[in-house]
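What follows is a set of structures for review.
Each of the next two complexes has subunit A plus one more chain, namely subunit B in the first and subunit C in the second.
Let's look at the complex of A and B:
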């Protein structure tokens, strides 16, 4: 992916390299990663240790986001939570992106029964609403972070396949592919080395919005009690735990949601910015 | 007509394969499925009986045959939690979810159409920028959290709407389901507004709209009679696709607002390890989503004469 990014940055004129959305998104991401990594330094409190003397305290200077029903500092938990949600968001899309792109490229390049098998599978998985299928898989496998990865991996690759297949169908009849074939290159070399780099940009753009989908899905699973297990400060789980205290302590459920929203906006800006950049390159 | 038959012909094999996929879910259970379904306290005899009933000791293909035979004959399994056949509980639950989803679609249109018109009319000026900015927010925030915010403000603080339940009678449903439907429509309205905005801009650039203007029709008449009608067309397909998303979202939203629909039932059943119900509900959601997509695809040619001609 480094080559792709370099390619884009070199090809785009300077004005577009400083795309305002991309720069803002990049800075916001930097801040988010910093919050996740530096949480132990940024806050004097522990994310999981309970202090029943300061239960459900409203936001104050000492506790800017208030405290929860176990007397834990909500801001601290939101910061530590960034590491969990960001890690799942970033890691869970890797397999779908790689596997989906490869399978989609194969389907597009070989056509015939390979294409039929891949595309029917894609149709079947797409037919079931995304969240329902992920929830169902986790329901049978059991809760926990690893099972989130499995469920998302099993369902999420289909979009990448569809995107890359479409691009490969377009690319494979172009002259440079014929040239590579005439030079006697092996099929795998043609697919991986020649077609895929040109077919993957739409999937790469989708990656940014997919991270949002995965983070929101992880939060939904946490909220339903099917995701990361307590007392871990996962954002969705925190929102769920705060539900019992909506009247007495609204901040417990609301604050982690704002963090989630911040992460979402970050990746929307990055995704839109990347899309603009690649469009510039395409022209 | 040919189109309709072809479209239905494409859907049926996919629907059949969806049953295979959902049948296989039960294989994800760690250990012996019969033991897992009946729980720790089940006797060996009960586990053996269930295994025989479902043919779990037979080859996989035969198990699937049994599963399909049960489905087709309307035997959707037994809810262990309620000790009642799933088929008996299903209709009431479906009604709630259907009401919620349709309600949220209606709200989405009510929100999205004015926003899109505003943005398209003032293209690239501040109302447009504002609408485009607003549209990004719902896509970035978890729906269940938005539901909780609405709950805190409008149900707990202002007390305008009830915090939970389905209500009595049509008006009661409308009142009880307003906040959940609004929550569910929030993200959809944003996507709708975004697509409708670009669709409106595209239509405004067509020659027949120029012609309508040249005829001397008032700006407003052109906008509502010519532009909006044509711009809403591509949105029909989008509604189909997004409805299936809304169905997925209902699982979480029904839990937030304690609604007795399919989604909250699915979550309850997961917690109660009522796996047969989970499996049946997953299938219900999937077939429901497929039916909605098929319907919008079949309606589309009726609305757009250009497609009908082909």
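Let's look at the complex of A and C:
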């Protein structure tokens, strides 16, 4: 995967890599990661310890995001939550990306019954709305981070398969593939070493925006009580818990909402920047 | 006396389509000796590329070989399992493709594309040295620096040179060059072809050059097969073919080459090639042929010997003597 990323990225001339959206997104991601990693240093409060003396206090200098119904500092919880949501977002997309790309490449390259089996499976999974299916699987398996990974892994790979299959269908008829075959390379070597580096960029771009889809899915699961268990400061869970207090303490749900939004903008900028960059290279 | 490096015998390629079966190659036979430069000449759709690809078993499905044999170094490739053909590709027979823009992988460096073909067991440094040596052989200036380049950073001519370097990497016994310069600037076409032929002679390989550039054939090639409608219609040593062509199609081809003096008007071949789905009996060139008569339109036209190592698929070869050249 590392060499693949190198092939894909290094081929672009340096000046194109300084894409404004990509740079902004990159800086925002850096900030987000820093917030997640440095949370214990950045804030003097504990994310889970309750202090009922200071329940539902409006944002102030001492508590910039206010406090929630258990007297916990909302800023602290948002910062600690970044670690949870980023971790889930980053880890949950790895399997779908790798598995989906490989399966899609196989379907596209071999065609025939392999393609039929893979794509009909993809159709079946796509026929059910993403979130509904994930919720159904998590509801069946029970809440928790591992089960979120399993549910997302089982559903999310189909998009990558679709993207990569389409690219492979186009790429496999190009001369360089025939040239690679003329050199006696074996099929898996042609698929992995020659076609995939050309076919994977769209999936790679989708990966960036997919992270936010997964984070929002995790948040939705948290909201439904199917995600990470309380009192963990997961953003979706915080929004869910803060919902009851919208009239008395709007900040409890709104602040983690803003955090979700921030993460969303970050990954959209990154994905968009990558797309532009790879389009430039492709021309 | 051993058999030539490559012997193609009665090769047939068919492509099933919705309109019917396209008979792309209809019983092609020829042989190529090591060190020999052999050309397949003909217009688009005459089956030269199909023949070339069939030799390496690289036909795009649904095109497939339906008959005949391709004996390379005494072994018939047609019935071999794919894994054994893979062993021959690149090592025994290499191929240089038409369009170096698309035949090189756009996201891999020159170095990676060359070294990947080199047999395993060599160290990275050895492979690198060999890659530099190959690039130097094909006339790439400053090869050490060029190793890190991506195809889009090279000119068309350089790309074709890199393709050639990749093809030569394992010193094959036979090199197939499928219109290797069609995609290039006219000014460098001759350069590249001369390079290919020079390297072929140096390395003692057999070369099959697919082309429609008769000027190049005349200057560089030992023996020529002229293809029309999926058949070889004339096969001869280059000098004989140009001095005394014995098939009306060859005569038409030679007459349609522009000369430098510009005084002689171009003589095109009228009409279009036949539909290879509905192809029937008789000479496929008859509808366009000035010499054609009723007897040309029925029955199988035999491939007759008309001179020393000179064959023509025409029943009126006697009438053609002195029709052109001389």
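In this section, the second predicted complex is superposed on the first by the 268 of 283 C-alpha atoms of A that agree within 3 Å, B and C clash if a C-alpha of one lies under 4 Å from a C-alpha of the other, contacts with A are read in each partner's own complex, and residues count from 1 in each chain.
To be clear about the criterion, a residue touches a chain if its C-beta (ideal position, glycine included) is under 8 Å from a C-beta of that chain, and two chains touch if they have at least 3 such contacts.
What you are looking at is a predicted structure, and each value in this text was computed from that prediction instead of being measured.
Set against each other, subunit B and subunit C touch different numbers of residues in subunit A, with B touching more. By the touch criterion stated above, A:57 is placed in contact with neither subunit B nor subunit C. In the superposition on chain A, A:69 makes contact with neither subunit B nor subunit C. Using the contact criterion defined above for the overlaid structures, shared-chain residue A:178 touches subunit C, although it does not reach subunit B. In the superposed pair of complexes, A:197 makes contact with subunit C only, with no contact to subunit B. Touch criterion met: A:257 reaches subunit B, while subunit C stays clear of it.
Contacts of A:226 after superposition on the shared chain: subunit B is touched, whereas subunit C is not.
Overlaid on A, the two complexes show subunit B and subunit C touching no common residue of subunit A. Against subunit C, in their complex, subunit A makes its touches with residues 7-8, 11, 173-176, 178-186, 193-194, 197-198. Subunit B meets subunit A in the complex at residues 13-15, 17-18, 20-22, 25-26, 28-30, 136-137, 139-146, 148-149, 151-152, 156, 244-245, 247-249, 251-252, 255-256, 266-267, 270-271, 275, 278-279, 282, 285-286, 289-290.
Residue ranges on subunit A touching subunit B, taken from their complex, read 120, 123-125, 127-133, 135-137, 139-142, 209, 212, 216, 219-220, 223-226, 235-236, 239, 242-243, 246-247, 250, 253-254, 256-257, 260-265, 267-268. Looking at the complex, you find that subunit C touches subunit A at residues 56, 58, 60, 86-91, 94-95, 97-99, 102-108, 116-117, 150, 152, 163, 166.
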